[in-house]
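Across the two complexes that follow, chain A remains constant while its partner is chain B and subsequently chain C.
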Partner chain A sequence: MNASSKRKTIDTILKIVLAGIVFTLPLWMTSPTYLQILILLFFYAYLTTCWNLVGGFAGVLPLGHSAYVGIGAYTSTVLFMTYGLSPWLGMFVGGILAAIVGLIIGIPTLKLRGAYFALSTMAFGEGVRVLVENTMKLGPFEINGPRGISVPLKMGTPLENLINYQFVDKLPYYYIILILLCIAIFVTWYVSRIRPGYYIIAGGEEPEAAQALGINVARYKEMFMALSCFLTAFAGTFYAQLNLYFFPKGILSLDFSFELAFIALIGGRGTIAGPVIGALLLRPVGEFSRIYLSAVLPGLHLVIYGLILILVMLFQPRGLVEPLTRFYNWILDKLSGERKEVKA
Partner chain B sequence: MDVIIQAIINGVMSGSYYGLAALGLTLVFGVIKVINFAHGSLLMVGMFTAYWIVMLTGWNPYAALFLVVPMLFIFGYALQGIVIKPILEAQREVREPVEVIIVTTGVWYILDNLALMSFGAEYRVVQTSMSGQIFMLGDYIFPKAQTYGLITTIVTSGLLLWFLKYTRMGKSIRAASLDRDAASLMGINQYRVYNIAFGIGAAIAGIVGCVLIPFYYVFPSVGVVFDVKCFIIVVLGGLGSIPGALIGGLIIGLIESIFAQYMASTWTELIVYVVFLAVLFIRPAGLFGEKRDW
Partner chain C sequence: MAYLEINNVSKHFGGLKAVDEVSIKIEKGQIYGLIGPNGAGKSTLFNCVAGTYAPTSGSILYQGEDITGWKSWNICKKKIARTFQIVKPFQTKTVLYNTMVGAFINTASTSEAKDRAMEVLKRFQLGDKWNVQAKNLTIADRKRLEIARAMATKPDMFLMDESMAGLRPNEVDEMLDEIRKIRDSGVTIFMIEHIMRAIMSVSDRITVIQFGKKIMDGTPQEVSKDERVIKAYLGESYGAA
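Coming up: the complex of A and B.
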């Protein structure tokens, strides 16, 4: 066996071990606090992966993705409350609705340059928040304005719980978000390997050059926008079912949209692993510094957060995925290289 | 009818300080082609500086201008030179480096929370000789502090336009904003131009601070109140356009005060967003924007 195939085997083994660890993590990490942090970590990784479809590949900076999370959460929840529709189905209704809204916003704005797109999506996100805060009732649906919605608790047999997307334990939520994340990563991987994926990456980097080659850049950007919004809405339903309560200032806030952009840029924008790496690094820093430092000096954790953003952008502007990939390759080289020496 | 005229007067007043607040943002965008997300925080720094100078010395806020403006200019100059310049240098070939957005957002978090750590979260007010004073013209009320604000806006924008049009540095700034490479070839040090543009942007934020403190609360997250509003104003007026920022500010101020006569103020906020998105759909460059920027 030569070194390169050896390297490939080790690569596969390492990846399988890593996946095994991730899937069995709750078995040894039984503390509910850590489980909650892990769930939120994957939640953000999932959302950022969805964001990355537009923000990463299409080369624009959407700052209003909270709107689509909100559409997902509100749609599935009001359908559940009014008609008793299972949130699993409501999730798809919310996804389709979010994709349509995303297209309506995307068609005029995706033609604009970066700054205009970023600011108009931001204004759109804020507009949706204000709209929801001012709406008490929409037709037969209770929106409750700024007070938000509590998802009615309906506990029953395990099967009913599964249909109602409500679980006593946090464990099922861990696996749901993990599976969602795997789906989103697979979708990203898949679309970056088909024609529209190439088109959009080309369009994101050099719009003029891509257009000159006859690519309808705007149309592919719209496609990716719709896909991203569709998947983003799923996270809204997940958030609603996980917390069983949500309100506009939380789920539709600007901070939320910003956080996704930060995670993506820190991790590595436009890469498949970037969003996950970004969430893996940024979320625990945010959570732990908030838990331990806000009692000492309120605001300190956000100063640290801001410093991390600046330092990473100054020294690793392509995101942390680059040095980490190099590190991983170095490990592979070491492992496969050592084996070779033993053989010789 | 009287109510409407009074609403228009109030709208022009608030629109003038919105426009002034957006002026620095549009100037920085015009030159660096990047949105400065720390702009609201610069406003906050300007307000706190003005607040402390007025509190400690008991001066009139307009006398404090002579201290606040140079201080904020130096602050902005240093901020651009230390934090943003390295990114611009590294991303020289990119026209609109998004990294700058993240970095300025980092600056925003740091400044806002440093203010929170040092001064606490309470809302502060300062009593000045003009607080609560009014002029009467016929039956209409002109709050004194806001009227001075309107005059300050006119004077500041006049000075800025004069500076950009007739001074050597102003011409360099305009040249760099038209084409930074060509400007460099003509012997303009583009990074120094950026530093100065950023410094002027911050200095204008200092002026806004002095204008606002007689009638506005000062608190660490006050910048966020203005942030989104300023973004909307500059896009509405056209990114990088100085008259656009002023007129955009007036439009937002007028919408807010006129519609507030007919509906709850929470709805006027929504109308601002709707008008903004409508303008963007119909005329993406904003009212005075140039096509090459979008």
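Coming up: the complex of A and C.
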């Protein structure tokens, strides 16, 4: 066996081992606290992966994604409460609704550049929060303004629980968010390999040059915005079912939108692994600073994020995914005994 | 009917008449030069043809079809490609990636786009640099990439905006060969160039503009002897020379 095919085999084995660890993790990490932390970690990794579809590829910085999480959570929950519709179906309704809202917001704002886009999406996200906080009833739906919604508990047979997206222990949630994350990563990987992916990245980097090569840049940005919002809403439904309670200040907060941007920037914007790496690094920091430092100063974790972001931007402006990829390749080289390939 | 007809095109920015009533007729298979002092409006005229700007007035006909005010991506789909004076590569991406973006206009298949892009890269001596990030290229290679990427769209008409600026003399000669090769493959070329030696040797016809207005057009010999052109470039006192 020559060195490069050996390298490939080792690469595959390492990835399978990693996947195996991730999928069996709850079996030997049984503490519900740690499981909850892991679930939230994957939840953020999923959301950032969705965010990355537009924030990473389209070269813009959306800061209002909390709105789409909220749309997902509220839609599936009110449909469940009012019509008894399974949250699994409500999730898709929420996704479609979020995609439509994303398009309505995206069509005018995606033509803006740099900070203007970021500011307008931020204003939109805050606007949605204020709107929801001041609305008690929307048509036939009770949304309870600032008090938020408790998802009605309907425990029954395991099958009914599955249909109702409600589980007694955390384990099913772990696998649901893990599968959602895998889907989001697959979607990102897939679209980055086909024409729309090439077009959106080109349009994000040099819009004028991309247009001269026959790309209607705005159209592709809108497409990716819709896709991103569609998937983001799924996380909203997940959040609602995981906690069975949510309120505007939590699910529609600006912090939430910022955190996604932080994770993506630190992990590596516009890359496939970046959002996961960012969440893997930042979430534990966030959790522990929340647990141990929130008595000192609430919100300190955002300050810590900010510091990490400054350091990363200074020393690894393209995110931590770059040095980590180099490190991974180095390990592969060592294991396969191959001489270091010069990669440009 | 000419291949590309620019009829009385004007482009105003507020009170500034960047291009003022310019008409040019380009025949199929020509290399057509556009020259003029700095700020004469050459790039603005180009941008009007390429769809970056909509002209304030006048019309642009391509093979008899009115393309005035079309968006740049639709112009490109009409098989008119362009390069930029200041090259705009997709910096963080490889040379191959850059070129594939161009090749995708004729195919939705990634592998086909890759094959076509490699073909074009070999043609422009970038074949062995396919895996280099665009930001790590030399100026000459960046200029070449800019051309390769646009040529990957398989254009019938090619607008080249100062493709030789910043090149060393031997690189200019190489580029002139490339340009002739592109012409010989059946592409009509409309180019802006500041290097007189280059544009004089390669063009079939040249239009000179100054202050947004057309001064004259003619063969390179006619242009280089014309008193108005000499004045425009060297100033009044040299007019008599």
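Couple of notes before you dig in:
In the analysis below, the second predicted complex is superposed on the first by the 328 of 344 C-alpha atoms of A that agree within 3 Å, B and C clash if a C-alpha of one lies under 4 Å from a C-alpha of the other, contacts with A are read in each partner's own complex, and residues count from 1 in each chain.
To be clear about the criterion, contacts are C-beta pairs under 8 Å (C-beta built on N, C-alpha and C of every residue); 3 or more make two chains touch, one makes a residue touch a chain.
Remember, predicted model here, so these are calculated numbers, not experimental data.
Once chain A of one complex is fitted onto chain A of the other, the partner contacts of A:I201 are limited to chain C, with no touch recorded for chain B.
Counting the residues of chain A touched by each of chain B and chain C gives the higher count for B. Contacts of A:P152 after superposition on the shared chain: neither chain B nor chain C is touched. With both structures placed on the common chain, the touch criterion links A:F258 to chain B but leaves chain C unconnected. With both structures placed on the common chain, the touch criterion links A:P323 to neither chain B nor chain C.
Touch criterion met: A:L213 reaches chain C, while chain B stays clear of it. Touch criterion met: A:A118 reaches chain B, while chain C stays clear of it.
Of the two partner chains placed by superposition, A:G84 touches none, neither chain B nor chain C. Taken together, the chain C residues at the contact with chain A in this complex read 50-52, 71-73, 76-77, 81-82, 84, 88-94, 97, 100-102, 104-105, 108, 110, 113, 131-133, 136, 149-150, 153.
Across the complex, chain B meets chain A through its residues 29, 33-35, 83, 86-87, 90-91, 96, 98-99, 101-103, 105-110, 112-114, 116-117, 121, 220, 228, 231-232, 234-235, 239, 264, 266-267, 269-270, 273-274, 276-277, 280-281, 284, 293-294. Contact residues on chain A toward chain C in their complex (touch as defined above): 193-195, 198-199, 201-202, 205-206, 208-217, 318, 343-344. Those residues of chain A whose C-beta lies close enough to touch chain B in the complex are 61, 108-109, 111-116, 118-120, 122-124, 126-127, 130-131, 133-134, 254, 258, 261-262, 265, 269, 297-300, 302-303, 305-310, 313-314, 317.
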